[in-house]
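The two complexes that follow have subunit A in common; it is paired with subunit B in the first and with subunit C in the second.
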Partner chain A sequence: MFRKGKAFLEVLAIMLHEDYKFPVLELFVFLFVLSTFILMSPTSFQAITFHYTKERMIYALISAQMDIPGIPFLIFLILVLKNIAYGFGSDFEKGTIQVLLSYPLRRSALLTAKLISGLGIPLVMFVGIGIFALYVLFPKLVLNGITYIVISYLAFLSYGLLITAIILLLVIYLKRSGAPLAVGMAFCFLRIIARGLLDLYVEATKRTTPLKIISIFDSSLALRYYCEHTIWSPSSSEVMGYVIISYCLVLGLFLIAYYYFSRRLDI
Partner chain B sequence: MRMLSTILGRIGTSILFVCLALMILTYIPPMCVDDSIMAYLLCPGYYFNVARCCDEHGAQMELEIRISANGTFNVYVVSVCSDRLMMNGTLQQLYEFIEKSPDKVLVEYVGNTFEYSIKEAFNTSVIVANKGESALLVTYRVKTYILMVPYSRVKTLIAYLMPLGITFIMQWILMKIKEKE
Partner chain C sequence: MREIIVAEDLHKSYGRIVALRGLNLKVHEGSIMGLIGPNGAGKTTTIKIILGLLRPDKGEVYVFGENPWDNPKIKREIGVIYEKATFPEYYKVLDYLRRVCRIYGEPEQRAKEVLELVGLEAYNRTIKNLSAGMLQKFAIAHALIHHPRLIIADEPASNLDPEARSKLLDLILRLHKEEGVTFLISSHILPELGRVCDSVAIINKGKILASGNLMKLFKKYSIRAIRISTDKPNDFANALKRLSYVEDISVDDKGVLLTVKEEAEREVYEDSLRIAKEIGATILGIEMGVTSLEQLYHRVIRIGGDV
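And then the complex of A and B:
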């Protein structure tokens, strides 16, 4: 048990070292902080001027960080793509994965180490900096509305995690870095294009079905309409339902990735 | 031990980069989001609220006020939002408010012109009162600025984070030196 734990830590240390060579981590932290404050500050003024409710204010501030164009969110996705698509894909291409597989570890533990390094660290960093920025701007809001902040982050991160799961599956299946990286980038821009087209379509036809379908993959859409009450106004339980469904989808994809990596991968 | 030291060192460098980003943000000058020039005919025995800043959450707003009139007026800068003090009213109401909460009055001034700037305004109102016997034509200009970050709060944070980051980095550097030796 102790030997396995030590091996896991060693593998994790190797992956952390590979993913965050000095000063990659620091540069991303710097960019996260700068872009988060630059985007949140004008929104906070708007929220104060128009006397937003607590929920609306939290949504507006987090969406400034996460929603389209969402520079911090894009930086987060780039970091995750770099680690998962490029980093993990390169391990397959260069054969480093065989060295890692020689450690006395289960394959699932190896993948867990990769996910902690490639996804866990950026996630903690990103959400941590977001909440830190919110606390600097509105301390009372964070202390009184932490539950709503957590739900908002969960809703906004669902699409990013879905992309990550798809990319991970592609990396494991193709054993390459180039194609998954390109697909990941395409998914990032697809969201922007799809949202624009969806807004136009819904505005013209007043149909809410496409919104409900897209919300399954990107639950932040349901949260947006919950806060804005325009064409579609889902209830809070409906929003929670969409968040749960989207995370079930993400979890399902990650489980497939684990299964494929542990049982079906021929290395 | 070596791994823990490296992790702490990297956390330290990240903290320093956070401080650097915050320092850059504090050097971004405030952005003017509103500049309004208005006039108001203030009857004797009445007051008027010329500028209100209702920001109970943060400290991101800055106000620059310039008031002038064709006679002498009294100005009170009070630290309340409009819900506790109406937009306009009689002097009696104003005196009652001042008597009840004298600690809320930040500035009191008498004159023909008044210039004032409020840094990091929370809940602030600027009241012009006419204690004279003739009506006053009060013209006022209010400029509202928004700060990228609340300066005082961020400076406090930097003051705490910077030594913490440096401490983490120092132990990392010392460990590296020991390793080389």
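And then the complex of A and C:
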């Protein structure tokens, strides 16, 4: 007998099978675990030596694994770009999407399956391993500061999710894999360059407006200044505000992608 | 009989290119309808709109009484064979079809049944390693998994060898007869399509020029062709082309097929004997009153649909 939920799970299984053909996932998990521990160990040593506050220590530890150009974040981004830009884009280019759309599922369900496979799995893996590594190194810190850890992860992930939403929109609009892949990579480098230039500009002019604007797209910047208390010292509620705004932006882009894919897209 | 597909006044453009201009189409339950037309006529666009892959700019389409864009549940009743289907390529043939069985709630042994039905034995080969012909067989098996009531096929015989083509036509006729499956088949291979279709829709420049029961269309368009079997069909056809009463002429594997003005049927016989003598050909037989889908197609395209 046909059941809609079962059909969804089967389509999700098809997407997982294609996205994580052995040994992609296993290899990425290995690299991720390795790089997380390697990067966090000196940071933790530094944090203990300089007697960081709890919040600053959590920030330092999480930024070691999450901040661009950190290797763990790069691994996460490569996985997402591979699955969303290359994988989903190729489905359009090759015509696999037509076969998937011939199954009795709503288009929105198909996109959800793709996002769970392409983004959800790397995200769970990435955050899960990160928190586990933190727990192994600092069990008390994790137990006492879990709320701050969650907020820090949310802040650090906002830019990555923004890139994902943009490349998803591009894939759906262009029905191609190449251009979204290039744009995704460009956005990563853009962030590194923009951060460097921003630091120089702020140091020279002492103006904080650009920091506030960039924090809308990348709330980890507000978190950084909240912890470091240098030229700009946003309050904790301001940091929360930036996190919420950045996620509203991400959510808005994903909703546009859902609407366009479900209601407008000609295949 | 109930109408399974109803398309009303469909319009579709891709930028400046107009693909459909007020297309109307009806497919009745239990029929095998051929959708034929030249390249770029709008066949694939029509099929994609029927499948809910494209939205028409204007007009409505109903499949089993529902709008295919808004009601994915009707896909439970539809099997699709795409011309160039691409499946998730890292799956093995049998494994993928087993998963498709689970999508539709069919028992897993159905996967082997459909593979046997289409004559594809490479159960454990990865989909990406299938040849073009094997992939086409796989696509046909994939479309049959859930016992669909309607099968929409876009060039289903492309990439198939003559034997596999013939088997496909037998399979279509069998499914139609035994399970009452309705077919909408778009194809360029008219003689083979003519073997299975009971109705046809001829499309050109985004419009249906003629559609309906094949026999009625033959009658409406006065398709009474004459087949001349000869040992020199091409020379014969060239000579016949010069005669003023010849309307259409083509050469197939059985000889020369021509349509003539109704009053000229007697003259064909006499002129054929004369031409045979002139070019040194032997006439093996003359068959009057032959009906052919190819002749109908050429005639409808030439006169633009109206008689």
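As a convention for this text, the second predicted complex is superposed on the first by the 264 of 267 C-alpha atoms of A that agree within 3 Å, B and C clash if a C-alpha of one lies under 4 Å from a C-alpha of the other, contacts with A are read in each partner's own complex, and residues count from 1 in each chain.
Heads up, the rule we're going with is that a contact is a pair of C-beta atoms (placed from the backbone, for glycine too) under 8 Å apart; a residue touches a chain by one contact, two chains touch by 3 or more.
This one's a predicted model, so the numbers in the text were calculated from it and none came from an experiment.
Engineer: In the superposition on subunit A, see if there is space for subunit B and subunit C together, and answer fit or clash.
Structural biologist: Aligned on subunit A, subunit B and subunit C fit with no clash.
Engineer: In the overlay, answer first, second, both or neither for which of subunit B and subunit C A:Q98 touches.
Structural biologist: So A:Q98 only meets subunit C here.
Engineer: When the two structures are overlaid on chain A, which partner does A:A13 contact: first (subunit B), second (subunit C), both, or neither?
Structural biologist: In the superposition, A:A13 contacts both subunit B and subunit C.
Engineer: Go through the superposed model and pick first if A:F138 touches only subunit B, second if only subunit C, both, or neither.
Structural biologist: first
Engineer: Could you tell me if A:D266 is touching subunit B, subunit C, both of them or neither one (first, second, both, neither)?
Structural biologist: In the superposed model, A:D266 contacts subunit C only, not subunit B.
Engineer: Once the structures are superposed on A, label A:V33 by its partner contacts, choosing first (subunit B), second (subunit C), both or neither.
Structural biologist: In the superposition, A:V33 touches subunit B alone.
Engineer: Go through the superposed model and pick first if A:G5 touches only subunit B, second if only subunit C, both, or neither.
Structural biologist: Touch partners of A:G5: none, neither subunit B nor subunit C.
Engineer: At the Cα centre of subunit A, what angle separates the centres of subunit B and subunit C, to the nearest 10 degrees?
Structural biologist: For this superposed arrangement the angle is about 140 degrees.
Engineer: Once the two structures sit on chain A together, report how near the CA atoms of subunit B get to those of subunit C, whole Å.
Structural biologist: Shortest inter-chain C-alpha distance (subunit B to subunit C): 10 Å.
Engineer: Return the residues of subunit A at which the contacts from subunit B and from subunit C coincide.
Structural biologist: Overlap of subunit B and subunit C footprints on subunit A: residues 13.
Engineer: Enumerate the contact residues on subunit C facing subunit A in the complex.
Structural biologist: 48, 51-55, 72-76, 78, 80, 82, 84-91, 96, 99-100, 102-105, 142
Engineer: Applying the document's contact rule, which stretches of subunit B touch subunit A when the two form their complex?
Structural biologist: Going by the criterion above, the answer is residues 3, 10, 13-14, 16-18, 20-22, 24-25, 31, 33, 54-58, 60-61, 146-150, 153-154, 157.
Engineer: Which residues of subunit A touch subunit C in the complex?
Structural biologist: For subunit A paired with subunit C, touching residues are 1-3, 6-7, 10-11, 13-14, 17-18, 21, 94-96, 98-99, 101-107, 264, 266-267.
Engineer: Over in the complex, which subunit A residues touch subunit B? Could you list them?
Structural biologist: Within the complex, subunit A touches subunit B at residues 9, 13, 20, 22-23, 25-27, 29-30, 33-34, 37-38, 41-42, 44-45, 48, 51, 129, 136-141.
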